[in-house]
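In what follows, a single structure is set out as structure tokens and then discussed.
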Amino acid sequence: MNRTQPKPGWKSKIHEIIYEADTPAGKFFDVALLIVIAISIILVMLESVSTLNLKFYWHFYIAEWIITIIFTIEYILRVIAIKRPKNYIFSFYGIVDLLSTLPTYLSLILGGHNLLFAVRALRLLRVFRILKITRYIGESNRLLLALRNSRPKIIVFLFAVLIICVIMGTVMHLVEGEKGGFDNIPLSIYWAIVTLTTVGFGDIHPVTPLGRFIASFIMIVGYGIIAVPTGIVTSEITRAQKKPIPTNTQVCPHCNEAKHMDDAEFCHNCGKKLNEE
Amino acid sequence: MNRTQPKPGWKSKIHEIIYEADTPAGKFFDVALLIVIAISIILVMLESVSTLNLKFYWHFYIAEWIITIIFTIEYILRVIAIKRPKNYIFSFYGIVDLLSTLPTYLSLILGGHNLLFAVRALRLLRVFRILKITRYIGESNRLLLALRNSRPKIIVFLFAVLIICVIMGTVMHLVEGEKGGFDNIPLSIYWAIVTLTTVGFGDIHPVTPLGRFIASFIMIVGYGIIAVPTGIVTSEITRAQKKPIPTNTQVCPHCNEAKHMDDAEFCHNCGKKLNEE
Amino acid sequence: MNRTQPKPGWKSKIHEIIYEADTPAGKFFDVALLIVIAISIILVMLESVSTLNLKFYWHFYIAEWIITIIFTIEYILRVIAIKRPKNYIFSFYGIVDLLSTLPTYLSLILGGHNLLFAVRALRLLRVFRILKITRYIGESNRLLLALRNSRPKIIVFLFAVLIICVIMGTVMHLVEGEKGGFDNIPLSIYWAIVTLTTVGFGDIHPVTPLGRFIASFIMIVGYGIIAVPTGIVTSEITRAQKKPIPTNTQVCPHCNEAKHMDDAEFCHNCGKKLNEE
Amino acid sequence: MNRTQPKPGWKSKIHEIIYEADTPAGKFFDVALLIVIAISIILVMLESVSTLNLKFYWHFYIAEWIITIIFTIEYILRVIAIKRPKNYIFSFYGIVDLLSTLPTYLSLILGGHNLLFAVRALRLLRVFRILKITRYIGESNRLLLALRNSRPKIIVFLFAVLIICVIMGTVMHLVEGEKGGFDNIPLSIYWAIVTLTTVGFGDIHPVTPLGRFIASFIMIVGYGIIAVPTGIVTSEITRAQKKPIPTNTQVCPHCNEAKHMDDAEFCHNCGKKLNEE
């Protein structure tokens, strides 16, 4: 790091602030953005409560516009700061960021409400971006690693659960008919899932003795096989706990690639310098 | 493998395609069959929705016949391709395959609907056959091995759960009587299973203070002992994860035996050549 | 074992048959008894269904008497066969066995039904006696050992769960009042247990926003801490799996002590010979 | 310990009795206090049942005053016995102990009932103080250690669960609207938590086919990811089980610090003697 370096341009400074969380300014930006996102989500929630929406309509309207403008500025900065804007614009987060601002502008032209409201809820997805600043990043990486390793087993398990639910749902439809609300097979499969996962809403439930007997069987199976995913994940987590995990938050200014080693100086994806200052 | 071999007959070619998943043609056949089975299951499901059945009666009728004919051709090919057809015809899958086609033909003669519909639902069981092509086969073998090893413990556990449910159901019937819906002991046992497995439909629930106290006890017991099957399966999976598992999909053309070692050349069941080309 | 032995008396023969499961006759006795107990339990269950009781009153009455007589004979044999009858009569199983026969005789004198019916349900407890013949006896011993080792931890855990439920129930009573059915604190604690254990009947549920917020908190806590007993039991089972377990079913004819080592010749409790033939 | 010591004053004797559980008198005090606390909690509970409160109003009133006076004496003794009363008075337990006595006195002046009743329920928190006398103290320490180690992972997990619930709640509000009771987003999030944690009250449940499909997805996700906290805690408990844990119940008479090593003679917090007799 004790090399002579050219002065960093304002673009790379902005890049460091909004794409990374290594510097104080970068951390501050991320925390501030997290708060704005949280506020925007809470606003969307409260706006959906009709009594509140009638009472505070204008408050919501103004707050909505302030947040949209903040998000618009952030989006423009993100496009400017990166070397290859296309990498950002067409990435998952780029599209989510754009969809966080567009609905409010569109409401000026279209005036329509309900569908735009739905799109606005997409802002929630922005939360995932901020997860990287949590001080538990090493832990969440470890968890994700354990989950990723146990994914094939979990998929096999969930597939088996689905087949059991389809078979049991069909059987219950034939046994219970329309007395207990098992009107058709899809509805009966829905009931089987509700039962096997031990949720048990109770909106549909068997009323015939045979139906109850089969339901008891499904419940005991569900109670028994919940052990399987647990066993899978436990053995993976026990294994994952033994390995060290990199916790670097740097992002390559050229290709937007994350997950660099702690002492990396060049991007492992595009080969260019990481700290081009 | 570099021996001089006689030209494979068309029967063994068909055998390779429909009974194995090693060759591109075999894989294609399995995937295509899986899709047809999935479509047939979805059709049975949708047909059970009365509004859809009224609207699209003829669509369902024609689709039903197309699928039945496809399954019939497949069944005939399976019988022809194997050396000893009896091994297939009287195997579990052979009977399921036959029952997948018969109901539609019988409906021509009998016209009856409800029972044939039930038999048609057996097509679901065909899904299991296709499981072998999943790329997770090693994983599912590992899972099955862990489950098989923990079976005696799980059976002891479920037996204990059943005894608890029978005792608790009897106690609740005596305590609650017919006020809360605990009309008789079998119904009360059903309620105890619903409660102990933490499903909790709520169609039957205690209303007296003493009944609620006992119910609380059952719930806490259920919450505590769910740990037991999980502990059993976890320790088995941890153990199973240390052993390598064969992932061969070959099936002997003579005796229909599966589960050969990866480098097996002779069937370990009947002693004949596996790749009789 | 190749010592010269005196001829075994008929008492010790009966002892071997009804108290042990090592000989063919002993196994047969245990299986036959299990079947009679199972039938007697099913009869008690079915008798509680009022429609069946009206229809088959006399069938139940006769079956009841047959079973009572079988149990009476068995009880007398058990008392005769053992060297010190008091050890059996005043043991847990001795009392249960007596209570399995008495109610029917009492009904001749008293004619009363409901309370005697309750006592008759105690026959269920006889099932535990038979558990020893299961071929999974090693497994269930292992499970019991793991459960016994994790008992102190489980008790601490359940105590913590109870305190959480008491606090949460009190809070919910204060927050919800009588709107959502949280009429008093015991009822609210019952609701908290129903919720924390993820049973969720739905007979009582919060209706105010604050009540729902607190309920969400309780549910997430319950979802999180279910991990604790599982973790406890899993680590105990993993440990227990490494030790061999004695699977002897012999019972000392002198003091009725069970759990002898496989090659034991003298009772570790009273010091007398085990196989006094 | 074989040093010549000055005679202990009555203050340090009281300190030993009410702050520690090493001596017979200390143990007796703790058990007696636990019983009084348990009685006071049961009284608060029963008082909330309106039928009982009407019938036994004066019994409750008198018992209430007796317990308040006992708690007042205990509070005064605690303040006197300790060297630096401020350490106790402004500690968590000091405030809880004060709040356990005040409401009854305030009711003389104010006469108001409902809010004071709420404060009185705080007595429940006193139970935690007594936990230290349980003979399972080593076990509960071990459990707490395992839970503390798994806290960061559990927090990451619960954060992920919350985000899933927020997203799913929003989606369900948009899909179901007000038909199934999904009136607004906060209510829908409440429903998503009820469902994901497998509680399933059933007061709100989807009624449209698409809503049921998404609900099935949420349930299967909830059923699958319950494995994660279990896996985390299990691997921590397995690890924690290998370390010895100090089980000392002594408390420093100077600074009120607990958790000393078994052979500690000086407080590790303030450096003064622990057994200043």
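To keep things simple, chains are lettered A, B, C and D as they appear, and every chain counts its residues starting from 1.
The rule we apply is simple: a contact is a pair of C-beta atoms (placed from the backbone, for glycine too) under 8 Å apart; a residue touches a chain by one contact, two chains touch by 3 or more.
Here the structure is a predicted model, which means the values were calculated and not measured.
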Query = Rounded to the nearest 5 degrees, what is the angle of the rotation relating the C-alpha atoms of chain C to those of chain D?
reply = 90
Request  = Determine which of the two chain pairs, A-C or B-C, is joined by the larger number of C-beta pairs in contact.
outcome  = B-C
Query = Same residues or different residues: which describes how chain A and chain D meet, taking over half shared numbers as same?
reply = different
Remark   = By Cα centroid distance, the chain farthest from chain A is C
Ask   = CA centre of chain B versus CA centre of chain C: separation in Å?
value = 33
Key: Separation of mean Cα positions, chain C and chain A [Å, integer]   = 47
Message = Show the residues in chain C shared as contacts by 2 or more other chains, in ascending order.
response = 157, 186, 189, 198-202, 226, 230-232, 234-235, 238
Request  = In the complex, go through chain D and note every residue touching chain B.
outcome  = 198-202, 230, 234
Ask   = Which of the residues in chain A end up touching chain B in this complex?
value = 152-153, 155-157, 159, 163, 166-167, 170-171, 173-174, 183-186, 189, 195, 198-202, 205, 209, 212-213, 215-216, 219-220, 222-224, 226-228, 230-232, 234-235, 238
Request  = Using the touch definition up top, name the residues of chain D that touch chain C in the complex.
outcome  = 41, 44-46, 48-50, 117-118, 121, 124-125, 127-128, 134, 136, 139-140, 142-143, 146-147, 154, 157-158, 161-162, 186-187, 189-190, 193-194, 196-203, 226, 229-238, 241
